Amino acid sequence: MSAPTATKIGLNTLLPSIRRIHGIIREKSEVEIKLVTGDQLRGKINWIDDSCICLDTSGHKLIIWQHAIAYIKS
Amino acid sequence: MSAPTATKIGLNTLLPSIRRIHGIIREKSEVEIKLVTGDQLRGKINWIDDSCICLDTSGHKLIIWQHAIAYIKS
Amino acid sequence: MSAPTATKIGLNTLLPSIRRIHGIIREKSEVEIKLVTGDQLRGKINWIDDSCICLDTSGHKLIIWQHAIAYIKS
Amino acid sequence: MSAPTATKIGLNTLLPSIRRIHGIIREKSEVEIKLVTGDQLRGKINWIDDSCICLDTSGHKLIIWQHAIAYIKS
Amino acid sequence: MSAPTATKIGLNTLLPSIRRIHGIIREKSEVEIKLVTGDQLRGKINWIDDSCICLDTSGHKLIIWQHAIAYIKS
Amino acid sequence: MSAPTATKIGLNTLLPSIRRIHGIIREKSEVEIKLVTGDQLRGKINWIDDSCICLDTSGHKLIIWQHAIAYIKS
């Protein structure tokens, strides 16, 4: 399933946050995602869309709702 | 009650998150849903609409509000 | 106070979640509502509108904000 | 400060939730408001607008943001 | 930095909540702000805009996001 | 990656909160950011956009979602 280009979804690719995350995806960097639940998840981001981020973490694919994210550390 | 096709409801089926969840529904895969309350629910997703996800779990149907979901693990 | 028909309020009655809850109201089924606070409320749903759900529980009428609901179990 | 009529502010007075709360205000009924923080506040509602509810409780006026309300028990 | 008049920002000054807070600002009243985190902050409100409130508290200026406020006690 | 000027992103630079944060960025002031999770983060703000704030903290760049911020102390 090739990720649709950003223009087909509502992401504003001018935003520094979206540009930063697209850079993290391109570089396949390892990140830490802290959730509002207190969970700390480590892995690589596959894609981001208007509502979610897909994180590849120890063999599982997590669809994480952005509203549950506190921060991404890279 | 046959699930209305996505076009009758506001889901953007171009989004990778919606396409991924529609795939999970078609494949009737078992998933784990982590809520912002800390609850971890296991079951099969019946449908998704603009606000909620229906999870079939140990004989109960849960209407889960998307705003309460942290992530779906599949 | 007769509940106004859905068309006078903004509910999208095509959504599976709204159709499911309207079914629960018609059948006067007992439900469990889990809140993001961790509270678990049992009772019968009187009505649902754009922002709230009214639950009849042990003689009290609770106006529950939908943003505080994690899930409804029926 | 006479409370502006609902039409000057964005409240949809057709919604059962708004009609119920306006009834509670007219009847000056004592209510319990449960917040998402777990706080339980008792008092009388002075007014409701698009974002907040004003509760008169033991001599203090609380401006409560609706996003922090789990439910109102009356 | 003189606070821009409300008309330059999106505040609806007809809302009782905004009128109440503008009154608190004019009177330089001491208030208590309870956050959804459970924090209780005391101080004087400098300004309010569409998203935030500025609280002057023991020599610090806090920019508080309204989404994190449970209530203001005055 | 030079931060796009505010006009290319949706920030309302008339808002006192945005003007205050742009001032903090220009002055490279050290701030404390309290999250709704209870986390307290110290560092310097690199940029702010419609959804996030970038904080430079002990060698890491955190992309913090504004919805997770309770307040900024400066």
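Remarks
Labels A, B, C, D, E and F are assigned to the chains in the order they are written; within every chain, residues are numbered from 1.
The rule is short, and it goes like this: a residue touches a chain if its C-beta (ideal position, glycine included) is under 8 Å from a C-beta of that chain, and two chains touch if they have at least 3 such contacts.
Keep in mind that what you see is a predicted model, and the values were worked out from it rather than measured.
With steps allowed only between chains in touch, the distance from chain A over to chain D comes to 3.
Contacts with chain B and chain F are shared by A.
The most distant chain from chain B is E, comparing centres defined as mean Cα coordinates.
Interface note: chain E and chain F, two copies of one sequence, contact each other through mostly non-matching residue numbers (shared numbers fall below half of all numbers used).
A rotation of 60° superposes the C-alpha trace of chain A on that of chain F, rounded to the nearest 5.
Averaged Cα coordinates give chain C a centre that lies 38 Å from the centre of chain F. Per-chain CA centroids place chain A at a distance of 33 Å from chain C. Averaging Cα coordinates per chain places chain B and chain C 19 Å apart.
In chain E, 36, 67 are the positions where the chain touches two or more neighbouring chains simultaneously. Interchain contacts close the chains into one ring where each touches exactly two others, per the touch definition above. Those residues of chain B that touch chain C in the complex are listed here as 1, 3-4, 8-10, 35-37, 39, 41, 47, 49-52, 54-55, 60-65, 67-68. Chain E contributes residues 12, 14-17, 19-21, 34, 36, 38, 66-67, 69-74 to its touches with chain D in the complex.
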